[in-house]
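For reference, the structure discussed in these notes is given below.
As written, the chain order gives the labels A, B, C and D, with residue 1 at the start of each chain.
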């Protein structure tokens, strides 16, 4: 089986390495300064796309009408990309343009639940790294509030508890609060009555949770980290006026652990292929016809 | 607010106590040997049902056409019950007969997610108690397999890990396996390749997982506990033939922690009422009209 | 290498099994109703002691001048025992009579730190089993006080925390309190200011900690378990007068996990032999002369 | 009570703040660019030392015959320091020169066990931060080896386990290995048979553990962090030759959490005073005569 990995950043190089280590032939394009990478073939867009059986694109695959390739000088438009691959299957993060332009099957790995869970793990690790690095006090013994009990909240709550932090998770649903208690953490609702008691606050909710009014209730020494994608859930303007420490941390998985982020892409694509083959993992068998008739 | 609790076992007495401690007036019926219970009024069916604003029944509310009341000599048919309460709201575990017979609103607390989570906690505590009591070796250092990553599996995996057991959870879905790894446990699929390696196996799946063939692969010293409701997920007959230790443990919450089981019923009913009132918890205000117009 | 195991209860049978599974020849005496036990030879005192290279006695090896053998009708006095073994090395729990009577080397396994740690694990498991079984509420969410941060306190604090109990450990030394906080638990000193707040109290201190005065400060629903060896650290008389639930739990390792308790005896004896041989584990080599010249 | 804090870095400013917040009057000297710090008096050496009842110096109090004051232009020799304070009590990290020069009582806080434990917590947090930051893969799922089960090893093992890393601790003593297993981690001896399996190795032992020969057994992707004070326990030269990632991380507490590091100094000094007063904490009573007659 031949896989072409087109564009992307360091993560995609690690994804290439992960594919290669799993016994897949890999060619990469869109990394012009790269001469070689272990056993992986380095080439140009056209060669790679013609050579490959499958094509893998980054999580955010399109930038201004072209395949996202921050490390390449040459650009490849989505239209050209589509023409070059013909009906070959494409794996990429969710994208409307790719979906509507490509003729063959498009498999989205970024919306898969196991992809999201593993990325939540990396995001949690990244958030903890930032807290440890920038918070001047100890995590051990700190009073920590996590806003939201989605994937990231779940992982963070668990990892932070182990440091001997006193963790409270704000959650709206009674069932989430039941889970939080089952796992030995404190829980509260979004009235956030004890807001002034927390030394560290981590937001995971993509909505304005810490607005002007709430920011004014925080203690002076508070350390805020917002993990929600832009525009985030914190009134940063007001936080700045109050001179509070406040970090909006984005795209942590690729920063904290590019190797893991790359491996997760590979793993998820393998899961997709396995399911498409009715639970049978033909990948190792190098059956070139795999998926082509899907 | 006046609540009548009708029938049930020890759990319902603790539920009565929990209501009473929350400032609710409580009358119980269906406990004939009971003379008094703290501030709680003890009475007969008719008096209680006429007096109450709300009626609470057990999780399994009906036995052979009557309200389940193992501690009562007198029986109350569902028909009589329905006639006596008129249009008063009823809270009970899921039951078709009650649903179709009662004229007023019927609220099912046992299908609520937060009820199920809290009961999973009690089931996990009960399962651990049984393992500790009957397993002759140490939980610390044991190789444990949990079949299924539903609510009970989630809680058990966490609690058992803390004993220094080496926990593996069998799960079918890639996303469940991602969660299991995120939380530091081992995971496997249902081919159960290492089956002979486990000293303790806990089944939570309501399907024949450990069939004749699998039972034959187990080591002689294995300790099996099946938490799935009857008929369970283990070939008990074959396990017996092989002289394996095998326990089918049912209805653990009421046995291991009747006080908590009772409190959970009360908490869940409070949550239902709160939601019916649009998120406002009128319960403490003793507004007798609450819910009556629902 | 030939090992004779003399007297004791179920634990010693498991110790015999553990020795046998490690490739040691084993003969047991002092279990008169026992006909056979796997590959282990069952015999009488004299035969076993003459046959053996090493002799293993129970943790509490002497009862009223005889080798402790609750499952034997025939008694063996320490004097006869000493005469029969000559200068063969003996392994046993600490005992003054054995030490002063036996001519050869006497190795005490029960005072070894690794023996004590592993027994603390079993004691903790046993204590948790008793709490789960007899405490009518849930461990999850319970306010638990552990008196003492010795071996048992350390293990208990860790295991109980995982259940989502709110654990506080009373400790006298600032360094112990530093450790307790490092591991994310609460700590207090022995003024026990919040004594009325705890639902579960576990004593591990062999001194009167919960005296008459302290007992009177406890809440009515408290569940007390005393793990300190007799006379314990609780004013049981006063606890009874107040009708509090109070258990004095002794000798838990042998009750909760006789198989593990037996294996620990074997493991510790192996460690002793290894050290006596200068770090070299000759045990597997079946060098009969091993230790004889010590 | 009046406390003078002389020299040191950011940590000592946080110590000053911690003393001040505990109700102690504080004057600092040796921070020449500092104009003011909350309620704390900023002054020169002589004024501060004359004004104070007690004097607090940094953990490493002496540099080239002078009080360590990296943020001061003016130097204060130990001789001058000693003359200026007369018989006032001094609190500092262990130092031979201070001990032999000062006339009054010298209390060493850095050798106190609770100080060391709390610093181990900060060191562990710092080590985890460095691993998260520089290790390109995920901590979750990593195979981690910790060399040594002293204070730092104990804390690290616990915190790292929570990330879902597979933690093995190398320890020499059977009792340490018993503790490691009791807490659910893997353990090995220093033959380090599985050395090539680890992705992350953390050394805490102040001796050459990873020598030339061991370095050659490591896998190419290994990430090594050495926490042992100089010269450390790793053959850095050989690690460099093999192009392995290897960090010698020193003095982490002051870097990762200066605020906590400062508070710990204050807490430990309070504990010393409490003990010197026979367990009575007179500190809050502002009894100026406290300790002076010791």
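What we mean here is this: contacts are C-beta pairs under 8 Å (C-beta built on N, C-alpha and C of every residue); 3 or more make two chains touch, one makes a residue touch a chain.
Predicted, not measured: the structure shown is a model, and the values here were computed from it.
On residue numbers, the A-B interface is repeated by C-D, which shares over half of its contact pairs, out of the options C-D, B-C or A-C. Among the pairs B-D and A-D, the greater number of C-beta contacts is found at A-D. Note: centroid distance chain A to chain D, computed from Cα atoms, is 36 Å.
Spacing of chain B relative to chain D, judged by their CA centroids, is 50 angstrom. Shared contact sites, meaning residues of chain C that touch two or more other chains, fall at 121, 140, 158, 161-164, 181-183. Taken as a contact graph, the chains are fully connected, with every chain touching every other chain.
Interface residues of chain D facing chain B in the complex, by the touch rule stated above, are 140-141, 161-165, 181-185. Across the complex, chain C meets chain B through its residues 14, 121-122, 125-126, 128-129, 132-133, 135-140, 158-159, 161-164, 256-260, 263. Interface of chain B with chain A (complex): residues 112-114, 117-118, 120-121, 155, 158, 173-175, 177-179, 181-183, 268, 271.
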